[in-house]
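Quick one: structure below, then a few questions.
Order of writing sets the chain letters: A, B and C. Residues in each chain are counted from 1.
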Amino acid sequence: MYYKTIKKNEVGRFLDGLLAEYTVVAPVRKNGVVGFDAIQSGEEAILDFSNTTASPKGVLMPQLETLLSARAGEEEAVEHTGMRKPVVLFGARPCDARAFMFLDRVFNDGIARDVYYGNRRDALLIVSLGCTRTRDTCFCTTTGGGPLSTQGSDAMLVEQGDGYTVHVITAGGAELMNSRGLSDAHEGVGEEIRKLALQITAEIDPPVDLSELKTSLDNSFDTAAWQTLTEKCLSCGVCTYLCPTCHCFDIADEDNIGVKVRNRIWDSCQFPGFTMQASGFNPRPTYRERHRQRIMHKFSYCDDNHHMTGCVGCGRCVLECPVNLDIRRVLGSFRGRNGG
Amino acid sequence: MNPTDCSNRIAEEAGRLLTEGTVDVVIGFEKGSLPMRSTPCFVRTPQDSGKLVWNSFCSSNLSRYLKQFPGKVGIVAKGCDTRALVELIKEKQVNRESLVVIGVPCRGMIDGAGVLERCDGKRVSDVEERDDELVITGDSFRITLARGDFLHPACRVCFTGNPVLFDVLIGEKVQEQARDCYHDVSDFESRSPGDRWAYIMSEMDRCIRCYACRNACPLCYCGECFADATRPQWVGRGATGTDTLAFHVMRSMHLAGRCVECGACRAACPTKVDIRTLNRKISSDIARLFDYRPGLRIDQPAPLSSFKPDDSEEFILER
Amino acid sequence: MDSSHDGWEPRIIAFLCNWCSYAGADLAGVGRLQYPASIRIIRVPCSGRISPFFILSAFRKGADGVLVSGCHPGDCHYISGNYSARRKFALLKGLLEHVGLEEGRVHFTWISASEGGKFADVIGRVTETVRGLGPANQLVGKQWRA
């Protein structure tokens, strides 16, 4: 763990250097929307943004991923399980970096390894961009993260003056930062960053006790309040698709013009068809059951299954929900409840 | 009428309807959890009617919720919302007799995201609406913006700010903008096909297939949407440019003659895809070819459920 | 658009209504009229049965062109099916052109049961138009291309 430094106007060139060996996925602005995309040159990346609309989870779990494909006339189907070329995810916020730690627990928990996710993960290095400003939708501290948290990152940039202090965290991060012409940071920068973290954290609403909340939720499965709390929900997929920890998927077989493919595509527990059974029965027929599922999964079941809350407090669902169904308000009505 | 007076009048009206038992629930808006957001709310008791607000951030089309409320319903509706009501009544999805429409004349809704961008990411603590201005106060700043610069795209071309159907009208009618401005469509069509294709595909590439557009639309009420059907499968479900285009083309064809251009779709879209270009093209053709505009009169048959013997054949290769 | 694709022949899906256009095609056959072997006919009861989905699906599956043909207005076996079709297709054609789909890929005609000659002519015209445009790939996703 050590610190280097880079000037803002050197970042483009630094990324150009990385591009020689890695695919670099960085924040870019297209038609007014900021999102992660593979860049062809360092100058495309922007670091002057609050957070991207969609999370960077697509780097490990693309919206559509072909698992198998077969062409007419060929004997064997092709399994797309090959090793991946190295990728650097550059500029993800600490909440998003932390979300990859959660996804690792789902897709590679030591017992079962999803080969598609796993191969991409093995090839990924994450250089995050620490938060020196927050949005009024941020609640990372509640979920165990923080604006300058290093969890999940191989290196982290922290804006200081006209440049960034580069906190080199893992061996992978060192590989990226060494021998690329970055200067060493000055003495005491670690302490400066710790102080900065406290300052920024004060901008965020104080953390809520999630284990207390879990108990309350576990006792409230059948409460009538779910109906009124969720009745404006549109059952679209905005919250789940933008979420850095949501990971539900469907397997879709399609064929066309002599090619058959088996794709993995994103799915959402908010879609009505998500739990539709072949008989036509749907155990989650309305927004009430589906939205309850979302809350319970993230703030109770994930703790049970993965020993980590299924939310990193990035606030995208709060910001982008078309009807402003605020997850914090839903949770707030369960705090201090004893069920019923 | 300024937002505060509007809100009070709506709350009064809702309280009265609930007290008298004329309706079981009033669908309206309450203050959102973020600046420049209002959020749908469902008021069931007179005491709760005080929650109801009205301002320039009420962009959702509340008609979308009617099907989840059987029984007698009050609904707060701006111009475009009432046009959706007309279509829903025409399609027998909603009973006129069980509705009390609290109509609110509208000068257009503000796109809060656009305002936030102008504030450079600084936190906003208060927004005051003053006639044609927005006064934004926040983290050590205060700016005044011209309302007209921040309207949702659908509102810029709206010609029905006044409710077309209502039982109660809140405040005075507003001056309507010029009618039937489809310049955006003709401007787009003056570009070369290659240019248009490139634009459309770059918009489609931004779509993540979250279906917020479809689910926010009051006229998209099918029990099973074609996009979710697997036998047969009409469109792939992945967010690939061509499948996404097929989804939006088909959805806009399904909305042909029914889309009231409320813009709820675009307002709901998290990546701001220009979906409306398709609906605008169809609306413009329907206006030109069949002299019809959706959602204005219950007694006007829908254009795709009717025909004239001398309908245009300009597109036919051989007659 | 360059039309010199070696060995490529346009593949055009023709949706023909059973009572008029399909019968017209049949008449062309009976009369031994020559027309390009580029079309694959899908017989439907009425042009009003044709959903815009069919047309889009044809392109998604690699068709180079689509022809839709029904009874002349006023002659529909089901009275008004083709009137509905006329409105629907006017809008669909406009929309497809609006998004920049190459003009000349989709065609609509009225061909009656007695118009065998017209049928052969139409197929000839449509085939040449589509041949001039080359293979269609705008609506074929990247994952399907060779």
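Note that a contact is a pair of C-beta atoms (placed from the backbone, for glycine too) under 8 Å apart; a residue touches a chain by one contact, two chains touch by 3 or more.
All of these numbers come straight from a predicted model, not from anything done at the bench.
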Most centrally placed chain, judged by C-alpha centres: B
Which of A-C and A-B has more C-beta contact pairs: A-B
Centre distance in Å when chain B and chain C are each reduced to the mean of their C-alpha atoms: 36
Chain A-chain B separation of Cα centroids, rounded to whole Å: 31
Chain centre separation (chain A, chain C; CA means) in Å: 47
Chain A, residues touching no fewer than two other chains: none
Multi-partner residues of chain C (at least 2 other chains): 60, 140-141, 143
Residues of chain B engaged with two or more neighbouring chains: 236, 240
List of chain B residues in touch with chain A within their complex: 32-35, 37-42, 60, 64-65, 68, 117, 121, 123, 202-203, 206, 208-212, 214-216, 224, 228, 233, 236-240, 264, 267-268, 270-272
Touching residues (chain side chain B, partner chain C) in the complex: 185, 188-189, 193-200, 226, 234, 236, 240-243, 245-246, 249-250, 252-253, 256, 277-278, 281-282, 285-286, 289-290, 303-305, 307, 309, 311-319
Contact set on chain A toward chain B in their complex: 30-33, 35, 49-50, 53-54, 63-64, 133, 135-137, 228, 231-232, 234-238, 241-242, 250, 252, 254, 263, 265-266, 268, 271-273, 318-320, 322-326, 328-329
Footprint of chain C on chain A - complex, ascending: 66, 256-257, 259, 261
Chain A contact footprint on chain C (complex, rising order): 60-62, 140-141, 143-144
